[in-house]
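In order of appearance the chains are A, B, C and D, and numbering begins at 1 in each one.
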């Protein structure tokens, strides 16, 4: 896909994931092209792609944002969990390369620095999120099993299913600190398992860790307000 | 996709999976259309689809059959294992519907009849294979998680990764009896787990069961000859 | 414990496991000593040991055989499953010694010979049972974790919970062939996993395999008659 | 066992677990009785019990503290992990009673209060430890499988293997806050799984959680000093 095409696709995914384009809303080519200041062609291609991914559905002349239920998301998070769990298991069984190990340990150290003073700021969570995506990508590559990335690519397009979308409650950063510290300690535990060749353990931690993006947020306040979605660079994923 | 398009796609997949179209072989539109007695358009679309699936790669003017390594297949079988395992776990946790349970028990009874006299014939294995595909499809649907079927669809196109392709050693049906009996007893065990709400157990059996299509065949004779591939109706999958 | 003491203990365990000494039945020192043709002292010690194990309960002057429910047995089989599963996982993660691997492969070959002609005789199942106990013992030792054997020792005293007691339906050896072939194919699969360093897979197979002694027997005929219990040399366990 | 006998046993276990009675040290009846201000009989019985548990070994006239290696402890922690994991799985599959659920939620709320202000004090960790033991005991009972507690009882006597011994680095309570918050978030996750009937998930979390007592402490500082062991009421366990 062309550069502008990829940018348009990433923009539209964010607008849908954030709810700015709400379920049921109509999306038409020309106004969208004007809004994003691009020509019609990349918009047309992006809309067709989003339809294939299940985020849009075709109506008479245009598209509508498909309603994504909580069950849809939960199901896709389970799928991500077993696939990333498989990656961690296979990475542990093959043994980590020195390079992969160094990358993972850098990610741990970066997270430890972020959490060292007992609190986090919203802008720090953006750094956390970039580190987080690097961490996950490293494990998927370390599996040596290309079929995992293929299956994940299909699954990741659902909003919140991907590790690249991270919901943050900006009104309650004390609790978010505890939640992100939990997720980061899971990173520590999975690296411990990978380094020591404990495949079953690495798999179990990674499967559970898939719940960190969304589900853990409910432990404190199921009806929370003020949620911001941090996106990694989706197009580069 | 059009009816003829689907038929062409299914035919080409079989020719590749069976090795009649070997790795490296060139595939060109016109002779392929003549061979399958269809027009060029459905062939063109099918070839593009097979390229996206990773079975063909583009060369100057046409396509070549991509070499699929043993590692590629093993990786895709692992992916199938964790996805079908997830389906079985979620089916057990939700509880089976009366209809799903009846279908699974019919499949068990049909297999028991096939194996009751202590041997199998090649044509019986074809019946087994249809029953087998019905069994797997029922569990995936019973999960209530549509993201599983989506992820599997992408994975199943690799030869031997799918439950729809079953390798049989026609020169050694005594040993094949023991192997298929093993696979069928795993079906018994997974239904036992599903009916009794044992999700972890159902998942573990189903994951291991993914090895039945190919890996178990090596336990008797790693360098075997005379292997036939039984295909379910791939297009209807 | 003295030699006669061990023999008395093994004899009494068999009589309880086989039901010859039924739940609720009184057991008194002197007649038991006469029946087994030993002096009273080894009987007294054995009865006290069986009380600690939960097979007998103390009454006024003697003991009674404690009723063991199906749930008690199922619970102990689950415990055995997770402990043997852990042993297999740790054995795979450490890597098998050449000696352990050779022993396991001998066990596989012996089972393959027994099943090669498509049927089994009762006396062959006794050989199977000795091989089976050797197989399990080898994996527990290969774990390098002595805490597993300690925890198993306590659990194994419940009738049918131990791998050393194997229920066989002598009136239906065709079906028993299919059941034992299933158990033996699980042995093949677990060795495949151990040899290839697949810890999670080895654990999952071994956990499920704990159901082979009793639960699988129900798949054919829940209300079966004519069950014989084959015992390995319990005292030597 | 008599009240003084239980007290003596608990005292001696603590002295061994804390290292005050070091590996190799001789323990003789009379001085021990004087030190603990009891008569010789409860000391004699306690020493024999500790020998059976593997904490002491018999020498000529008395006992010595057996050397417990890091591998011994790691092995026993693995055993505890699979047994508590099994308990959580079976509790999820049966469904929690209203009473068990209320107890677990009380434990979560108590921990949340302890961690709410972003730090912990040593005396608060003692409260945490009592809550922690109650939490674990509730899950083991909720399994409905008495064989689990029997197998755990044997395993728990090794120092640090039991949930009743908790190592705390009193010089570094900021890091300990992060570690205990991790353990407590695992409690949240396991209750979430139990309440929603997710047996495989509950098992996986509980297995990993066994590492919280000791292993996680190494993530920050492998060669740490100043470790205090908090004991629950061991005798009442």
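One rule holds in what follows: contacts are C-beta pairs under 8 Å (C-beta built on N, C-alpha and C of every residue); 3 or more make two chains touch, one makes a residue touch a chain.
Here is each chain with its UniProt name: A, B, C, D = Transcriptional regulator.
Only a predicted model underlies this, so the values are computations on that prediction, with no experimental measurement involved.
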| task | Average the CA atoms of each chain to get its centre, and name the chain whose centre is farthest from that of chain C. | result | A
| query | Pick from C-D, B-D or A-D: which pair repeats the contacts of A-B, with over half of them the same residue pairs? | reply | C-D
| query | Centre to centre, by mean C-alpha position, how many angstrom separate chain A and chain C? | reply | 48
| Computed distance of Cα centres, chain C from chain B, in Å | 37
| said: Centroid from C-alpha atoms only, then distance chain C to chain D, rounded to Å. What do you get? | reply: 31
| remark: Among chain B residues, those touching two or more other chains are none
| For chain C, which residues are in contact with chain D within the complex? | 54, 71-72, 75-76, 78-79, 82-83, 85-86, 90, 144-148, 150-151, 153-155, 158, 161
| Quick one: in the complex, what on chain B touches chain D? | 89, 93, 197-200, 203
| field | Residues of chain C that touch chain B when the two form their complex | value | 115, 118-119, 174, 177-179, 181-182, 185, 188-189, 192, 201, 204-205, 207-208, 211, 215-216, 219
